[in-house]
Structures are given as structure tokens and as C-alpha cells.
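Remarks on the structure that follows.
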Amino acid sequence: MTVSRLRVGVIGYGYWGPNLVRNFQELEDAEVVSVCDIRRERREHFEKQYPGLTISEDWQELVRSPAVDAVVVATPVSTHYQIAREALQQGKDVFVEKPLALGADKAGALIELSQRRQRTLMVGHTFLYHGAVRKIRELMDQGELGEPLYLDSTRANLGILQDDINVIWDLAPHDLSIMDFLLRRPPLSVSATGASHTGRGLEDVAFITLHFPDHVIAHVNVNWLSPVKIRRLLVGGTDKMVVFDDNEPSEKVKVYDRGVACSDSPDKRHNELIQYRAGDIFVPQLDLTEALLNEARDFVASIREGRQPLANAESGLRIVKLLELACLSLSRDGAPVEVN
Amino acid sequence: MTVSRLRVGVIGYGYWGPNLVRNFQELEDAEVVSVCDIRRERREHFEKQYPGLTISEDWQELVRSPAVDAVVVATPVSTHYQIAREALQQGKDVFVEKPLALGADKAGALIELSQRRQRTLMVGHTFLYHGAVRKIRELMDQGELGEPLYLDSTRANLGILQDDINVIWDLAPHDLSIMDFLLRRPPLSVSATGASHTGRGLEDVAFITLHFPDHVIAHVNVNWLSPVKIRRLLVGGTDKMVVFDDNEPSEKVKVYDRGVACSDSPDKRHNELIQYRAGDIFVPQLDLTEALLNEARDFVASIREGRQPLANAESGLRIVKLLELACLSLSRDGAPVEVN
Amino acid sequence: MTVSRLRVGVIGYGYWGPNLVRNFQELEDAEVVSVCDIRRERREHFEKQYPGLTISEDWQELVRSPAVDAVVVATPVSTHYQIAREALQQGKDVFVEKPLALGADKAGALIELSQRRQRTLMVGHTFLYHGAVRKIRELMDQGELGEPLYLDSTRANLGILQDDINVIWDLAPHDLSIMDFLLRRPPLSVSATGASHTGRGLEDVAFITLHFPDHVIAHVNVNWLSPVKIRRLLVGGTDKMVVFDDNEPSEKVKVYDRGVACSDSPDKRHNELIQYRAGDIFVPQLDLTEALLNEARDFVASIREGRQPLANAESGLRIVKLLELACLSLSRDGAPVEVN
Amino acid sequence: MTVSRLRVGVIGYGYWGPNLVRNFQELEDAEVVSVCDIRRERREHFEKQYPGLTISEDWQELVRSPAVDAVVVATPVSTHYQIAREALQQGKDVFVEKPLALGADKAGALIELSQRRQRTLMVGHTFLYHGAVRKIRELMDQGELGEPLYLDSTRANLGILQDDINVIWDLAPHDLSIMDFLLRRPPLSVSATGASHTGRGLEDVAFITLHFPDHVIAHVNVNWLSPVKIRRLLVGGTDKMVVFDDNEPSEKVKVYDRGVACSDSPDKRHNELIQYRAGDIFVPQLDLTEALLNEARDFVASIREGRQPLANAESGLRIVKLLELACLSLSRDGAPVEVN
């Protein structure tokens, strides 16, 4: 006996929606049965691409349709809460693009609703499903890097300036969710600086610092106004260090057997106290499966198996909280804000 | 009639001293007549390289020698003040490696002394003499970039941890002096975050944000614990944007005809308000003269011509002030500090 | 009145077929109505992706179907001739992946047949539709490069070793068709060297040299056994030089204002005779439309307009002839073979 | 008792001479005692750099000086033979820049003379002393790469067009000496193509193919007219493959655990016959000593120890023979020429 396919409805067919449709369509045990978008030109584009599928204008109709088991939300951030809430209320399992909602209170309310309705609620922290990030976490879990010292992430591009959110809400969910995944612990404090150049009051360049226990520091540089695309994460450990450069077509993760060690002996001179190490570099072969396919598969499997997905709503809430605190610090010109 | 050569004495023959000696030696109208270093192995190395030159152990002897016209100081930062002061008092013209001194009070005292003694005092802000930085300033002066929006500089390496200063005092003078040179104005406020991992209390990773008038923001990321060398400056303007990547062997400066323009009309929709531009890239041929040779030449010429060098002591003082403010903010966990 | 859509049938849904289907599907005035592949797993994959479309096993049925106007052939090279011939005989317009056929006699026969049946016959020289190659040809047509001196193309990868052809027949059609397009003239002679390492007698590494009039030389390096992907073309001209690096994510074409000029005066010394020039670099913004979409569009438009497509069958024949001559030279250990 | 220093005289202070002087000067047990150059401006430059050393105009005086033990020849290639011969006749040990001489007969005569006079004769195959090449040979000696399949070397630049030799004689000694060092065996045949664009009859672009036993093939692409600097060697083995990119500032050698394996079973289908492997990449830490310093040290040590240096004159002769054969093939439009 074969399991019937999960029937997926996708709301929003703009920049990211087509990738979601294509990947859910790749899955054996799921099928996209319905798509909707309020823009006529996007619907026409969809119809040309997928002559056999239907697309509508009305998302409320989609979330109410009994022919839909699960709803994927790929609309502007400010609409996430309303659509996800309605879908959960209609008894659907729900996948929401990142960030989960525009505020921790709303994210929390969605979680509460999903628990009450016993539905899966997942957030699109795609990088948790990326072969590079999986490999780095594997190395950290194996103790290869030693103790973490710092994380430094830059995400810059001549990006599409969002209408409803600043660059932190738009880009930093990627970096913060990766850091949350790798460090497995919350920061102690957050500070952020930035600037807005478009007269709209929405920052287009911003810098976030997070302090974690044990002197671990993390930094996020997000920029909508960069002429070049930069997607680079440095992870410094006491034993090894990692660079993840997502611009590299093939050698995305490099593990450097490099570091600095300090002797504690107070009676030694500087040169004797500090030892440098410059060793080999290792470029591990990564799982090259498209992250989004892994993500779609985990959504479907988590529903089938009645378990939490990796990118569960709780991680979505943690990231939304950090985004809020970063913006609070931003409004105070970088003064640090404590977490909890 | 030929002008006699300026007789230069170099104090400190460690990492940077050999470069200074080699470049002053290249000049037609100068010659290195004396070098000193307290380390025996460095002196032996020098003697093998330059059989015809003398090297001594005692810097005080050097600064007092009537056979020396000008003194170049390339010793640890904490000794800059004492050596430069003594050299000025002995009537020498003085070139001090960056930063000028370990404190604005000391830097100010050196300036005051140099004025009283009518001697040239110059600071080794080498990048002001780098073909790449000169080209960027030229483009900015010509209005090619439009109004500046942001500067973002990263200087990371598995650097030599200094004994007497943290990573900000060690590396940020480069970035701050470039920014001072390009923007020609002081920031309004400074904030900085960072962490120390060696148990010595000296930060090895740090991030500085500077706010300038008109929403111009600058960011400096300095890191002694990076497994890879990063030397990159982004300059975003309203018309064009520049990337200076000093790791690139030949195409160091790229000028991007890219940007985002906002219409002010409030009745337009988002898509109509914001216009993106992705145009050609221009990679200007740079003056490839070694920056240090230009710098040495400017020192000698400024003495001969009785004028201020480009990297004058006033710029040295401005940078030292910013370094102090950054460290003050660092001690306050990133809380912003006003300039003046 | 709207024109009815061209009804396209695609034969072969392996590596390249999906790209062809997707791009023909993107066109306003065409639609993929039928696909076939002999492999069951490929058919199942197609059915999951395109629930609304049909796929069959039998290509002969497809080429005879009255519901199909035009046939796209994306099967192994050794089958091109038979399938294209049958499709032309059935009155279809035909697009054949490169190389057009496995032999100049067969390519010629297809052209003859297409002319007799007054059908469009096109070959998949995709790079003729690539923004980078278009830009280089535009620069050459405008005289920007001066007189061409040399072309040097490297196409290396850990490629899929083909069953029925060597690396020259597999990869060199790209390079040779680009060179044919840029130089607009045939070479005088061809020589080639190579080696086979798999015991099958099919070369997996090969090097081709083509001599053109006026000392213009072209070189093609094709390699199935390279650990890294290299896709680079150098075009040297008397005035400027171009590098097209298809691995670069965004800056694919760079135009260098560099060169060497020789004075003819016999009484000058070497240094005076030869002048080097190292100037600016220009990175033109390219048309980023997927080459395959342009190609599909040209196929459809050439049918509608009753004109030859850019990648017409004559160019397909010219390239097949060069491939044959290269393999002839290969069999003679590199001895040159004259063209005509 | 300390050994007295080897007294070195350097003939030719143009492009490469300063590097030789600097490195010999670095050695503990050698010292540059005399330099000569026929160009006045080069002599003046030297005198400014090394106030304590003497430089003359007359090389014959230098080779006859009893104050000189060993002679380093860094003059134009066409003068190597005469100068080296005279120096050997005067009883000096001799280091000649590559290529050893402009013809195998002359190279052989120098070897014969050096043996008769029992003097060391060494050739400047610098890459044999480069950490990258040493590492690759080490990997090959350890069997890490399996059996060699191919070597592919590209050496391109907007080079200085030589007066007396073509691009093969100028650049290919590097590639051929590396291949000779790595493969430890002579090729069976050589073929070469190329073109001259300056009206002087000296090729400025050339391509050499060498066939070795067991289907091993090597290719050398040398180009004086390239707008970009390319210095890359690929080494393909049955087990692993290596890329040596000398343009990379730090990660010059990468070892790829990649390959293609063929099963011999004739009854398997293509897909089953050929197996691809894409594994990890390893970037070994290299010895970063300047190659020229290692080379200078080996020259001095080989004299002291009465042994052959690594870059001995026999290897110089082998390379000169290959250069001659390549030019013979070049004159025959690429027709292959057998070795021996």
C-alpha cells in the first residue's frame, strides 16, 4: 500500500515561491495542488510553466480548501502572521518563510495555536538544510574545531529593498538561524548599529554584535547596498577555523588547521606565551542536495511522523526575538540590550 | 650643484623596519646611514644584508648622532612617544610608524614639540600613499561616486598578537586613516564591540561603527584570529560604488556603476519608488609604485620643502583620538561615544 | 488575432532535455506538447515535474504525430542523424543538439533534406546566444579589439565520459562554434593531439590548434579528467584583449586595454621597438537572459519568419568538418591537416 | 673553526639579478663580492641599494678575479654559453639562469668542460626548489596520485618579449623542468604549434604536447600576449589530481580526491563501466621558503659537498634538447618529432 501524497498549497508566487513549488513537486510523497498570488502577471507566468496546475488569486480560499493538506506561506513578511494563523485555524500544517512573523508576540501566538490545533508549524530557515552548514555543525559536534571563539557573517548584495522591513529583518534571519544552529545556545546580549539612506527610515546597512557565554562573540554584517555579493561566514575555534563562502561554486567550506594558543605561564615572555599554527586546509565534499529540497522533505516527513521539523517554530521564535532586540539596540545607537 | 642627501636613521629592524630601510635606500636624495635594534639576531641579519652599513644597539645614541638628519621610528607602539620625543628634542625630523602614540595626550605633546622645534613630524599612514586609495579619493573628489553612503572595511588575518596593544590599536589605524582621508571629515560618534580570547584582556576581534553627518556610516572589522587574510574596503555612493580588495594581485579597485535610487513622490508604490541600477564595472589602472616608497619620498620632500607631509601628525592625532574613543565604547559594551 | 503557439516535441529527457523543456515552456508563442525518453526513470521524473504534460517511450511516434510542429533532439550524438532525418521527412522543423551529426556527410545530408523539405534545421550552438559571447562579438565588430591575434579556450571538468564520442566531439563544438562566430572565417589548417586513458580508445584529454589567415592562431584545450572546472576563453587583439571566464558568477567578460605594439623601424633597439601598454579594465554589463531561452526563441522565430536561425545548420556543418579534421590530425599524432 | 664564505660574483643585474644577489646575500656561508652589468643605470641602481658593494662593467674581469669563487650568470640567453664557458675555464663554479644554453651542443660542451675542470655547473630551474613542486613530487613519490595520466601547464602573461628567443625558450623551461622533475622520465615525442605576431619571426604564443610512455600526455601553453597572468599546472592521476596555481597567494596546491575509474569487464554497459569519484580536497601547508633561497643554498652546498645540485647541468641539457625539438616541430607546423 502506498501512502497518499501530501497535498500542498503555496501562497505567494513571487521571488521565492517558484523555488518552493519546484522542490515540493520533486518530492515523491507530496504534490503541489494549488498556488495563489494576487498579481495577475505572476499567475500567468505560473500557468505557462505548469499547464496542468491551477493558480488562484484568493489565499483565503486556498487555506479553506479541503483539497489542501498543508500550506506554504511565501508572501511579504508583514502578512505572515495573518495567513499562517488562518491556515492553522483551518487545520492545515503550515510552513512559513523566514522570519516567522513580524514580532515575538505574533510568533508566540502562532506556536500556541499550532500546539492547540496539533499542527506542524515550520519556518523557512533554509540554511539549516544546507550541506555546508550541516557539515560545519557536524565538525563542531565532533569537537574538531575545539571551543568556539567567534562567528563572523557577512551577507551583502545590491539587494531588493523591502517595503515593510529593514535589512536586519530581511537578511539577518539567515545568519542568526545559522548561529543558533551551530552554537546551540542563546546570546547574553545584542547590540546593533546601522543607517538608512532612502528616506524611509528602514536601515539598509546594519551591523549586529552578539555576546555569548565564555567570551564567544558573533557578528553579522548585512547590507542591501553592496555592489558585490558577499556571503561569508567565519567560525573561529581554539583548534581549527572554518570559512563558509557561499559564493564559491564548489569549494564552499574550508577547514583550516590554524590557530593561536596561549600558554598561561605568567613568567614567560610574549613570544613564548603565544604560539601560532599554520597547517593544512581541508575542503570536505558536501552533500550537494538543494537545501530547499531537504527542507521541503523535512516538512513533509515531520507531518507524516508527527515530530518537530529541524527548523521548528521554536527556532523561528528565538530568531524573531533576536531581531527585535537588535532593532531595539539600533534605536539606541548601538547600546547593548540584554537577552532576557 | 646637487643637494646633499638626507641622512636617515632607522630605529627598529623587526617586521617593518627592513621595508623602511629598503625604500629610503631607493630614494635619490636620501640615504640610510644608521640603523639600530636591541635584538642581536636582527642586527646580525642586517649586517649580512647590508655589508656596507652600520647597525647599533642603542637608539639614544642614534637620535643624538650629528651624522643623522632624520629619524624613522619602527619600534613597538608603547615606545613611540619616548623615542619620537627624544628625537625631536635632538632637532631631528621624525617619521613614526602608526599609530603615532599610545594616547591622544602623547600624540598632542609630540605635535606641540615638533612645532616648537620646527621639525617635521610624520606618521606612517601608509595607505594614504597607496595607488588604490589615491584612486578612490580621486574618484570621490571628481564626484564620480555621488554622495557617500557608507564605508565598510574588513582587515582580518591570523595576525601576530601584539604584546602591548589590542587588535584595534594594531590594525584599525589603517582603516580609520583611509576613512579620514576619503571622507575629509570627523565622525559624530564611535561605538565598538569586541572580545578577548587569550586571557590577556587584549581584544583580538573587534568591530567599530562610526556615524558621520548625513547618515554616512562606516564600519571596521578587525580580526587577529581569522584563518584567511581579508583586506577589503567597500565604499557605497549614491552614483557608484567601489570595492578595494588588497588581496587581489592586480585588480585591486573596482568601480561599480550600480546603485539604488529613491523617488520622493509619496503617492508611488514601492516598486516605482525604488530603482535599481546594474551597469558596467570599471577597473582603473593604478599607480603601482610601492606605497612605502611614496611615503618615504613625501617625508624627505616635506622636510626639504618645509611643508606638511600628507600623513601629517595632525592626521595621526585624529586617528589616535578615534582609537581611544573606540576602546572607551568597547569598555562600555558598545554604547556609543560622541566625538568632542 | 493571436498567433497559435508552436507545438514542440522534445526527444531525450536526460541531462540537457529538462533545460530545453523548461525554456521552450517559458516562451509565449511555443509550448511543449510532447516529450519522450526510452528510460523509464526519466519518464517518471518528468511526470512528477509536469503533471499536465505527456511523455512517451517512442520517438518515432513523436516525430510522426500531427500534434507536433517542431522537434527538438537531445539524444546521444550517434542518434542525431537518424532522428533528425526522420523528423525532417515527417515535415517537422528540427532543432538538434550539438554536434549536428557524427560526420560531415551526415550533417550535409540533413541540410540537403531540410532544404528539400523547406524546413528549419538548427543546431544547439548555445554559446552563440550567450550574453558574454554576444558582447565579445559586438566589441570585435566595433573594432574595439583591433586585429585579432589569437584565441585560446580551455574547457575542462571531471566530465561525464561519453559512450559514443571522444572529448573533442563532446566539448570542442562549444569552443569551435564560438571561434567560428567571432572570427567569421574558416581556419587554414587544424592539428590536434590527445590521449585516451580508459582503454576504450576514446580520447579524454585533447588539444587542438587552428591556424587562420594573417597569423591568427586558435587553441582549444578540452579535458574530461580535470579535477576543477575551467571555462575560459582568451581573445588577444592588437588593441585590446578579452577574457571570458564562464566560472565567474557575475564578472564573466573583462576587456583589458593592454597590448604590445611593435615599431617597424629596423634601426631601433629592442627596447624601443616594443611598447607595452597596461591600462584600465572594463567589465561590461551583460545581457543575463539564459542563453538557452534566447536559443529557443530564435528557433521559434526563425520558423515563424521563414529565415535562418543564428545557429543555422551550415554553422553546424562547418563545426562537424573541423571536428573530423581534428580527429584526423589526432590519428596522425598532431600532424597538421589542411582545411579544404 | 668556521668555514670561510663562498665568494660569489653575479653577472647581469637586470630583472632577475637583484633577486639572485638578495638571496645569495641571505646565506650564512656565502657572500656576494662582485656584480657587473653593462648598463650604467643598472650599476647606479645597485650602488644606491648596496653602498658597501662594488659593481663593474666588465664581466671578463669578474670571471678572472681571484677574489671570486663562483659565478652566477643572469644575462640574456644568447650570452650564457660564452660567459659560462669562460668562467669554467677560469676554474669557477658556475650557476647559469635557465635555459642553460641556446642549443644542446653548447649545453653539452659546458657539461663536458665542467667535468674536465671538476667544477659545479648548475642551471636555474627555480621551480625544482619551490615548496609547491616539492610537495607534488612528494605526493607522487608516495603514490598518492596513483599512476600519472596527464600534466597540463599554462604560463601566460603580458610578458616582456625577449630580443633573442621566442616564448618557448623563454617560458617553457619552467614547465618542462617541472615535468621532468615530476615524471622522472623523458618523453617519447614532442610536437608544438605557435604563432608570431610582431613581425620578428619569434613566436609569442605557443603550445607544446609531449607524449610519454603509458599514454601519459603533457601539454604546455606559453603566451607572452595574455592580458592576465596565468600560472597553473594540472596533474591528473588515477587516484588523485593536483592543481598548482601559482597566482594564489596562499593556497597554491590543492589535492583533489577525484577521478574516473573504468572497469574492464566488456559485458557491462557504459554507466556501469565508468565510475566517477568526487571526494574531499586537501590543501597542504607548503614550505614557504623563497624558492630562490633554496636554490642558492643548494648551489653553495653542492660546491662544498662535492655533489651534484638538484638542478644539475644534466637536467639543463635535457630541457634544452626538448626546447630544440619543440622548435623543430614548430617549424613543421606541429608534426611530431621523436625524442632520440
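We call the chains A, B, C and D, going by the order they appear; numbering starts again at 1 in every chain.
The criterion applied here is as follows: contacts are C-beta pairs under 8 Å (C-beta built on N, C-alpha and C of every residue); 3 or more make two chains touch, one makes a residue touch a chain.
From a predicted model like this one, the values you see are computed outputs, not experimental measurements.
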Each chain counted as touching chain C and chain D at once: A, B
Between B-C and B-D, the pair joined by more C-beta contacts: B-D
Farthest chain relative to chain B (centres taken as mean CA coordinates): C
Interchain centroid distance [CA atoms averaged], chain B/chain C, Å: 51
Rounded Å distance, chain B centre to chain D centre (Cα mean): 40
Residues within chain D bordering two or more other chains: 228, 254, 278
Contact graph of the chains (line, ring, star, complete, other): complete
Residues of chain B touching chain C in the complex: 251, 254, 257, 278-285
Complex contact set, residues of chain D against chain B: 22, 25-26, 28, 31, 48-53, 228-229, 247, 249-250
Contacting residues of chain C [partner chain D, same complex]: 149-150, 152, 154, 156, 158, 160-161, 163, 189, 191, 193-200, 204-205, 207, 209, 211, 215-217, 219, 221, 223-228, 234, 236, 241-243, 254, 256, 258-260, 262, 264, 270, 274, 276, 278, 333-336
